[in-house]
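What follows is chain A paired twice: with chain B in the first complex and chain C in the second.
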Partner chain A sequence: MSADRLSVIRIRDLLMVTVPPDPDDVTISGLQQRVLAAMEQYEAKGVVLDISPVDTLDSFFARTLSETAQMVGLMGGRTIIAGMRPAVAVTAVQIGLTLRKIETALNVDRALDMVSSKPQLKKSL
Partner chain B sequence: MRKPTKAPAAGSTAASPLVDKVQTSDLLHLLVDSVKDYAILLLDKDGKVLTWNAGAERIKGWKANEIIGQHFSRFYAPEDIAKGKTETELKVTREEGRFEDEGWRVRKDGSRFWANVIMTALRDKNGELVGFGKVTRDLSASRAAQDKLKKQAQEIMEMATVPVVQVWEGIVLVPLIGMLDSQRTQQLMERLLQRVTETSSPFAVLDITGVPTIDTQTAQHLIETISAVRLLGAEVILTGVRPVIAQTLVHLGIDLSNVLTRTSLAAGLRLAISTLNENAPARTERAV
Partner chain C sequence: MSRPPEGEIPLETEGDIVVARRTVREIASQLGFGPTDVTRIVTAASELARNVFQYAGKGKMQWRNIESSGPSGLELRFLDQGPGIADVNLALQEGYSTGEGLGLGLPGAKRLMDEMEIQTTPGQGTKVTVKKWRKS
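Now for the complex of A and B:
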């Protein structure tokens, strides 16, 4: 019901965001506000969005994710979406969302690896 | 046992002395009554049950006194009766002399069984219809076995159509062989996403060496699959892009510029492994 279900934790120069299983529109809007506010407050280098608990994805959520990543980019940070479930990925592709600007990781562990290794690995390939 | 003193009756199968005492028609009655594997019954012209045997009781559940005189629609599901199946069966049998059917029938307790039914029109010497003979077999067991076989065959086919194998720590390989239709690409997407998640593999190598041609729709499906795998956080390398396929893709105007592609499977695997190794030092440092 509120953005309180969302957790935004700062780990060193990163923001760790955990999204609840079934986020409503208020929670999703709250996510964007809180991530951006935390970016400003901590001058974080990146955001790791753990969406592994999420099992449904609608167009509003998808658009917000993509917009938030762009905003974080403007504020000088990277956004990595971690742990997307197969069913969610299928839905995302079906509604035409490819998250081209966003980096993805299989899980939080690998997302942290990506941040600590060379930046934008995929583009270098 | 046959007694040697008595000669067999000419022109008859009734060679045993036992038959001299009992009429063949009585024997026939006895046979029909005692057969347990078939429900054998007689219906009158309107379809009411006239006789009932042991097999009928075993298969359908009613005792003779409960069912004789009742219409044979009792053996059918409500939806079949609504469709007028019973009348159709009688009509066909009347006109063609015989009717055969396989389908669901209902037992006394309401449960259903898969039956093979043969109806025969019974006519007297003048060709006047006097009733119907009905033989029913319960095929539920063989049908269940058939269904099981079909299911197994389908599972094997699925495995064979879209094999997803983990070939290296962090790499799953999908060797695709033969034409890709939309059903196969759908299965491919599901199985590949599942396996990538299960094995936490950062790389999926999609080898299309064995795919003869690619059309717009198939290419679109492949792109969707690649996008979905990327959303999970893994990268897809498309290998086995032969000259013909490359030509087709460009002529169709399909843009694969942001997909990693290699001509040979070996080159694709090399790329995946070297990228994994590049990342490895970062991982071990963290672990220390």
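Now for the complex of A and C:
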């Protein structure tokens, strides 16, 4: 139902995904499927996940984002998580969510800068 | 719309986790917690509500405004009649999970709140009580 509020659009060869503010678990799981399907459909080179509306990132949500990024990686794409709010960043560190190996950006603008200016750096663990 | 100083909501469907988050957000904001503390409390509530749903199938969340001699605060209780926790110390270890999670739920919630108390009887259920005090 609320999956409708998840928006996935293509901009050039990127997918822009805007996550709703307080998604239920079904919406979060649906995000993964929609992103992967859109990767294939649009032959996208990567995904920018805009989480700026999100004000609660719990471990389930974080795990799904992390897994989605890994899956996109297996499909040859790059994932950048953009727009994490300050309170969410504080909470994420405190709870032990590292989102390791995922690229992050201050906001969508910066994420697009990263994609257009730099080749992807292979991050080590 | 202001919330009464105490109350409870059922945790019986996945959607109730969202209701629990929204309820806690409203109450914590209303009690005057700052935005970062509100996020901490809501995130802890989300972890604990999901534990109830995931491990016990159903249960409830209760909230209560609390006051000591000094600061005021918020108490949340998560109750279920599920399988209980066999080894609480193990469950509080980061990375330990009998489910499919990251094992961050219980230890994460503990770090986000000021106090946590777990009462559990295997086969009978679990009661997790957490408190956050308002920094004045």
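Everything that follows uses one rule, which is that the second predicted complex is superposed on the first by the 119 of 125 C-alpha atoms of A that agree within 3 Å, B and C clash if a C-alpha of one lies under 4 Å from a C-alpha of the other, contacts with A are read in each partner's own complex, and residues count from 1 in each chain.
Throughout what follows, a residue touches a chain if its C-beta (ideal position, glycine included) is under 8 Å from a C-beta of that chain, and two chains touch if they have at least 3 such contacts.
Just so we're clear, the structure is a prediction, and the values are computed from it rather than from any experiment.
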Following the superposition defined at the top, how do chain B and chain C come out on chain A, clash or fit? fit
In the superposed arrangement, does A:Asp22 touch chain B (first), chain C (second), both or neither? second
By the touch definition at the top of the document, which applies to A:Ser59: first (chain B), second (chain C), both, or neither? second
Of the partners chain B and chain C, which touch A:Pro86 in the superposed model: first, second, both, neither? both
Who does A:Ile95 touch here: chain B (first), chain C (second), both, or neither? second
Quick one: minimum Cα-Cα distance, chain B versus chain C, in the superposed arrangement, integer Å. 8
Residues on chain A lying within both footprints (that of chain B and that of chain C): 85-86, 88, 90, 94
Footprint of chain A on chain C - complex, ascending: 14-15, 17-18, 21-22, 25, 35-36, 38-40, 42-43, 46-47, 50, 94, 101-102, 104-105, 107-109, 111-112
Interface residues, chain A side, partner chain C - complex: 22-26, 55-60, 62-63, 85-88, 90-91, 94-97
Sort out for me which residues of chain A touch chain B in the complex. 81-86, 88-90, 92-94, 98-99, 104-107, 110-113, 116-117, 121-122, 125
Contact footprint of chain A on chain B as seen in their complex: 189-190, 193-194, 196-197, 200-202, 224, 227-235, 260, 271, 275, 278-279, 282-283, 286
